[in-house]
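Shown below is the structure under consideration.
Letters A, B, C, D, E and F mark the chains as written, and numbering starts fresh at 1 in each.
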Amino acid sequence: MSQRIVPTVKRKQIIELSESGRRMDGRTLTDYREITIQTGLVEKAEGSAMVSIGGTKVVAGIKFEVGDPFPDIPNEGVMQVGAEFVPFASPEFEPGKPDEVAVELARVVDRGLRESKVLDTTKLCLIPGKKVWIVHVDVYILDHCGNLIDTAALAALSAMLSASMPEACVDGDTVRLTGRRIPMPITDIPINVTLAKIGNKLFVDPSFEEEEVLDCRFSVAFKENGMLCAIQKGESGYITPEEVLRAVEIAKDKSQEIRKKVVESLKLKSDKVGES
Amino acid sequence: MSESKIERLISEDGIRCDGRRLDEIRPIKFQLGVLKNTDGSAYVEWGRTKILVGVMGPRESHPKHLALSDKARVEAYYRMASFSVEEWKSPAPSRREVELSKVIREALEPAIFVEFFPRTSIDIFIEVLQADGSTRCASISAASLALVDAGIPMRDLVASIAVGKVEGKLVLDVQDKEDKAGESDMPMAYMPSKNAVTLLQMDGQITHDEFLQSIELLKKGCIEVYKKQKEAIESHFKSAVSNGEEA
Amino acid sequence: MSQRIVPTVKRKQIIELSESGRRMDGRTLTDYREITIQTGLVEKAEGSAMVSIGGTKVVAGIKFEVGDPFPDIPNEGVMQVGAEFVPFASPEFEPGKPDEVAVELARVVDRGLRESKVLDTTKLCLIPGKKVWIVHVDVYILDHCGNLIDTAALAALSAMLSASMPEACVDGDTVRLTGRRIPMPITDIPINVTLAKIGNKLFVDPSFEEEEVLDCRFSVAFKENGMLCAIQKGESGYITPEEVLRAVEIAKDKSQEIRKKVVESLKLKSDKVGES
Amino acid sequence: MSESKIERLISEDGIRCDGRRLDEIRPIKFQLGVLKNTDGSAYVEWGRTKILVGVMGPRESHPKHLALSDKARVEAYYRMASFSVEEWKSPAPSRREVELSKVIREALEPAIFVEFFPRTSIDIFIEVLQADGSTRCASISAASLALVDAGIPMRDLVASIAVGKVEGKLVLDVQDKEDKAGESDMPMAYMPSKNAVTLLQMDGQITHDEFLQSIELLKKGCIEVYKKQKEAIESHFKSAVSNGEEA
Amino acid sequence: MSESKIERLISEDGIRCDGRRLDEIRPIKFQLGVLKNTDGSAYVEWGRTKILVGVMGPRESHPKHLALSDKARVEAYYRMASFSVEEWKSPAPSRREVELSKVIREALEPAIFVEFFPRTSIDIFIEVLQADGSTRCASISAASLALVDAGIPMRDLVASIAVGKVEGKLVLDVQDKEDKAGESDMPMAYMPSKNAVTLLQMDGQITHDEFLQSIELLKKGCIEVYKKQKEAIESHFKSAVSNGEEA
Amino acid sequence: MSQRIVPTVKRKQIIELSESGRRMDGRTLTDYREITIQTGLVEKAEGSAMVSIGGTKVVAGIKFEVGDPFPDIPNEGVMQVGAEFVPFASPEFEPGKPDEVAVELARVVDRGLRESKVLDTTKLCLIPGKKVWIVHVDVYILDHCGNLIDTAALAALSAMLSASMPEACVDGDTVRLTGRRIPMPITDIPINVTLAKIGNKLFVDPSFEEEEVLDCRFSVAFKENGMLCAIQKGESGYITPEEVLRAVEIAKDKSQEIRKKVVESLKLKSDKVGES
C-alpha cells in the first residue's frame, strides 16, 4: 500500500493526451465532472448535503449545540469542521487511523468557510462570554474518485446554506430552545477550485487516476465578490509562480460557474445571502 | 421524557404514533451496488433510519498475523455519523458502537461460507447517516445485501428486525421514539431457510409469555424483511442484465 | 494466538459424551460448577465481592462519587459499569489492549443490572439537575476458566448487595458527607444464566474447553418476579428459535437456584430487598 | 489533612496509630499458587494492602522484534484496581503506575537468571486490589514469590519495605495514613544473601543522620519480610508435596 | 483584540510596529551543526521566533513495510514546545501541527534527491522553542540547512517567507502581532534557482491584484532569505575547515 | 534497536581505567563535565533555561495559567512537571511514543522540586477553593549525551529561579491580570546529583558511553540546608548499602559545588532565596 509504484506509463499517456487539450475521460482540461447536490437527506441534522463530483461522493451535516465560547472571542459562536474518511470510500482508508490527509482536508475546508466568513459567528452568541452556539460541520468521505477537497468543501457549504438553526431564548443565565427554527446568518458563498499540475499542464478537478500521477495540487477559494479567501498547494511536487497565476485565473472562472450551480440547486434567492 | 408519558404512543384502536398497526413494519427501501470503491455495497432507508454498507474482500489480511488458516476473518465496523442522532456525537467510537460491531459481525458470519476463503479478510463497514431506531437490524439486513453484491457465497440472507414493548403492548419494528419511551427492545437476526437465529438481544422487562409472543412476531417480521431483501437483489441483477453489466 | 485451531477432536468427544447427558468434568448438562461468593474483601470500596464459578474468578468493587447528572435525566444518579481483563487471567489477554470482548462483557453486565433496576437511581439524586451520586461498578477478571458473563454479573450483583453508601447532607449548593453510612436503595436480585450451544445440546455454565468448541453462547437474566430483563446471544454460530425457548426454560430454573445461593451467602433478610 | 495535624499519629510512649512500635512491621500473609492461568502467582495481604501477582513466562516474546538475543526480556505491569483507593481511579494507567512498573521491574530483574532464557519474555502482572501504603514494597515481595512459583531460577528473593518519617520519628513499614501525613517515605528492595539493593527511592526531607538510620532500619525490615517469604515458600511446597503435586 | 484595533500597526509614513518598512524582513540568524546526535541540524532565530531542526537519515525505515522501493521516505515532524506560545500548549500534537508537518514535508521533498536513497527514511524533526509568527517559513528555511548539514544532496535550498495584509497594506515577513490583527497571511516556499514554488498557502481575504503583488513580494523575500541561508552555509564550512573538521 | 548488545569490551576498558581514578574523557570519577546555564531564551515563557552538562542539552520553560485547585488542597497552587524527549536528541527516541523513561524522568525532576518546596505553592492561591495558579514546568531533552536527570533537574530549577510571575488582582469571583510581574515565591535551591555504579566504582555525572555499560544509576537531591529531598535508584542492576552511603557522601559535596555555580550563573542575591 505504501509502495505506490508511480504509474509511469499512465502519466505519459495523460500528458500526451493533454497536448491536444483532452483527458482520459473525455473532458477538456478545464471541465469539471458532473456535479450533483442533494440537500435535506439527514432530517435530524440542522442541515445536510450529499454532493458528488463525478464518482466522488461526500455527505456533510451541520449540528448545533450550546457551549462555551473561546476565551479570546467571548461574544462569538464557534464553528468546528471535521472530516472523516469512511473506510469503504477507498481501499487505502483504514478504520480508526487518524490521518494527516483527513486533518489537512478538514483544515482546508475549514479555512475556506471561515476566512470568507460564510457564517457570521458574531450572531451566534447567546450569553456574552458564557454561552454561544457551537456549530459542528462534519464531512464524511463516502467514495473517493479524486478531488476530495472541492467535493468536501461543496458538501460543507451546501449543508450550511440549506440549514436552519434552532431559535433560542435567553433568560438570565439559562438558554431555552423555543422549538422554532430560524435562518442561518449566512454572508457569502465561497467556492473552492482545485487543479492538478501534471507536466506543464493544469487539470481542473483532477480524477483519481490523474491524482496518482500529478506533480502537485493547487486549490484556491473565491468569495462572491471575487476576492481570494484560501489557497493550498499540496503534494510533494512544485509549481512555478507563472503557473500559480494561470491556475488562479482559471479557478476564478470555474468558481463562478459552480456558484451559479449551487444557487440553482439550492434554489437560493439572490437576496438571501449577503443581507442577513 | 416527561411529555412522552402524556402523549400516547398507541391509540385506543391499536394505531401507533406513525400510523402503523402493532405488527406493521416501516417502509423499507434496499438498494445494492451504490458505492464505487468497494467490492460490494448496499444502502437502506428503513423509515427515517438511513445506512450505507460497504464490503471489502475477500482480500489479504493486514497485518498478516491476523489471518486465519482455516477461514476468512470477518470484521464489522458499525459507526454513526456525528450528525445522525439528536445530539452531536463525537467521531471516536463509543462502547455501544464497539459492542454493536461485535454482535453484527456474529450475526453475519454464520451466513458466510468463510471456509472458502482461508487466510483472507472480509471487512464490513457500516455508516449510519441517520438513526431512527433499529439501526442494528437495518445494518445487518443491508450488510447481507452488500455481501451478495460482493459476490461472496452465502448460506442464506440474514434478515433482522426488533420487537418492542410500548405501553404494555408488543409492537414490531420499533422506531426511535417508541424505543426511548418503551419498556423493552428485542432485536433478532434470522436466516429463514436455515431456521437459524444469529442475533438475539433484549433490554427491558418482559414476561415469559411476552417473550414467547415476541419470538413469533420476530420470525414473522424477519420473513417480511427477507422478502424485501430478495426483491432488491432481483431488481438489482435485472437492471444489471438490462444494462449489459456482469452480475 | 489468532490462529485458534478449532479442536475438532475435543468437540467430537464433548458432543458424544453429552448424548448420555454428561460432560468432561463430570457435570450434567444443567449443572453449574461450584459457586463461591466472598464479600467485603476491599474495605475501601463501598462494596466488594470476590466470586468464583469453578476456576473462573472475578472481583467486583463499588465506588461512589459526587458528580453531574445526565442532562436528560437530571434527577437520577448514574451507574457506570466497567470490565477489566487483568492480563494474568488468561494467556490471551494482553495488557492495555482495549478489547471488544471486555466492552461486550461490561455492557451485558450493565444491562442485567440496569434493566432490572437493581439500584433505584431515582434515590441517588443530591441536588436536582446539579449533583447526583455516580456509582462505579467495576469488575476485574482474575482467572478465566469459562463463563465470564455469569461470574462477572454475579460479582457485580454481590458487591452491590453487600454495599452501603455514604450519607450526604445537602445545604444549598454544597454536598457534605456526614461520615455515616446508609443502606443502598436495592430493589431486585437479577440473575444471569449462560448456556452454550454445542451441536444440538445446551450446556449450562460452559467451561473454558466447552467455550472453545461451542456454536454459540446464550445468556438471559431474570428478575426475582420471573420476568426476563436481558438477553444476549454471542459468538459466530446460530441457535434455532426452539433452542432459544428451551434455553430460557432451563435458565429460569437455574436463576432461582443461584438467587437462593446469593441470598444465603450474603445472609440477606428476605425483606431487605424490594422494600427499600 | 487539617485534622491529621491535630490527631497524633505516634503516642508519647512511641506507639503508632495502629498499635505498632516504631520499628514493627504490619501482619503480612503471603500465599503462592493462587491463580490457574499463570505460570506462577502469589497473593499478599500486608496490613490492609491486598495485591495479586501473576507471572507469565518465560514465553515467546510478542511482537518478536522485542526479544533480546542474550537474555529474557522482563516486564512488570503495576496497576491499581479502580476501587483500591479512597477516590475512584480511572483504569487508564497513571504516570505513577508507569513509573512504578519501571522501578519494580528494575528491582526484580537483578534477581532473575535472565541469561538462562534468551529470546523469551517474562511478564509480571501486578493488580492492587486495595492500597493502604507500601504497595510497591508488597508488590516486589509478592512478585518474588510468584517468580519462584513459576519455577524461574533466581539469585535470591527480593524483599522490600519502606521507612517513613512521621512526626519527626523514623517508622518502619509506613501505612497509608502515616504516608499521607508523614514527612518522608523511603522504600527499599533488597536481596539479603547478596547484600544487594535493587530499589531505593525517597520522597520528602531527611537529614543525613536520619538517612543513615533509615538504611539500617530498612535492612532489618527487609530481613523480616525475607523470613516471611521463605516461610510462605516452604508451606506452599510442603502442602504441594502432601497433596502429591509436583513442585 | 479590541485594543489592537485602536493601536495602529503601521504608521502614516509606512513604518511597522517593530520599526520595519513594509517590505523589510526581520533579523534572521541561521546556524548549522548545533546538535550532536543528529545527522544534520540547524538553529534559527527569526525575529523572536526560535526553532531547532534535526535531521536523521538517510537511515533504515522503521517499521520496514513503510520503506519505498524507488526513493527515500521523507517525514517531517513540526512540534511546538509547550511554552513557545502565549498560552501553555498541551504536548499532544494539535491538528495544526499535523497539517503543518505535512505541508513542510511537501515543501522540502521536491528539493531532495530522494531517488538516490531508495528504501531509506529521512526524518526531519522541528521543535519550535518560541513562536512569534512565520514559524512554518522559518522551519522550512532552517530545515533546508539541516539537510545540507546532513550531507543530503539537494536540487536547491528551499527559502520561505510570508506576506500579510495589515491595515490594508501588504507587508513582508509577518510577525505574530501583525498576523493576529492582520487580514491575511500568505506563506510561500521557493527554490530560486529552479523557479519552483513548493509551498503556497493563504488565509484571509485579498483581491486579485493584491495576490499578484504578493507573489512578487514573496519572490523578493525568498531571495533575501536564500542569501542568508547561503551565508550561513559558507560560514559553517569555513569554520569547519579552519577547525580541521571534515565538511 | 531493542537488541542493544552490551559492549563488553568498552565496559572492561572503563573499569580498568577507573582503577587509576580516570575516565575515557579524561575526568576523575567525581568530576562533572562542563555545566552551562543560559536563562531567558524564551521570552514568552514566565521563565526559561537552556542547560548543558557536557554534550547533554535540555531546555526548560515555565508557564502560568489560572486553573482549579486539587480538591484536597484547595488553597494551594498546582505545579505540573512534564518531560518531552525531542526525537532529534537521540536515534533511540521515536516521535510520539509515550515512554516510561520520559515518565520516570518527569517524576524524578518533579519530586526534586516538589519535596524541597522550591516553590511555595501556598502563595499561589487566587480564590481559595476556586482559582489557583497552575505552574507548568516542562523540560525538553534536546541532546542526549548521558545524565539526563541532572541536566533536566538543573534546567527546570534554573528556569524556575529566573522566572517572574504575573501579578493578579482578584475581585470577587473574577481574576484580572494587572500586566505587571512579581517575583516567584522561591524557598530553596535543591540540587540533584547522579552517579553510575560500574563494577565497584561510582562515577559522578555518567556520560552516554558510561550509561551504556553501567550496573545501576543512583540519584540524590539535596536542599540548601543539606537535607536529602529525593532519591532514585535506576536501571536493572544493584548497589550495596555501603555503596549507597558512599554515593550520598560524594553527592553532598558535588551538590554544593553545583549550587554555587547556579547562584553565580543566575546572579542570585544570597538573600533572594529563602526570604520571600
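Simple rule for what comes next: a residue touches a chain if its C-beta (ideal position, glycine included) is under 8 Å from a C-beta of that chain, and two chains touch if they have at least 3 such contacts.
Predicted model only: the values in this text are computed from it and were never measured.
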| item | value |
| --- | --- |
| Steps needed, at minimum, to go from chain B to chain F via contacts | 3 |
| Remotest chain, chain F as reference, centres from CA atoms | B |
| Chain pair repeating B-C, as identified from E-F, D-F or C-D when over half of the contact pairs by residue number coincide | D-F |
| Chain whose Cα centroid lies at the greatest distance from that of chain C | E |
| Length of the line joining the C-alpha centres of chain A and chain E, rounded to whole Å | 27 |
| Separation of chain A from chain F, taking each centre as the mean of its C-alpha atoms, in whole Å | 48 |
| Rounded Å distance between chain A and chain D, as computed from the means of their C-alpha atoms | 58 |
| Approximate Å spacing (C-alpha centroids) for the pair chain A, chain B | 32 |
| Multi-partner residues of chain D (each touching 2 or more other chains) | none |
| Contacts with 2+ other chains: residues of chain C | none |
| Category of the chain touch graph - line, ring, star, complete, other | ring |
| Going from chain C towards chain D, every chain in order around the ring | C, D, F, E, A, B |
| Footprint of chain D on chain F - complex, ascending | 2-3, 5-6, 72-73, 100-101, 103-104, 106-107, 111, 115-116, 216, 218, 220, 223, 226-241, 244-245, 248, 252 |
| Chain F residues touching chain E - in the complex, by the definition given at the top | 1, 41-45, 48, 55, 57, 59, 61-63, 65, 82, 84, 86-91, 95-96, 134, 136, 138, 140, 142-145 |
| Of chain B, residues touching chain A in the complex | 35-38, 41, 48, 50, 52-56, 59, 62, 77, 79, 81-88, 91, 93, 123, 125, 127, 129-132 |
| Chain E residues touching chain A - in the complex, by the definition given at the top | 1, 65-70, 74, 95-96, 98-99, 101-103, 105-106, 109-110, 184, 186, 191, 194-208, 211-212, 215, 219 |
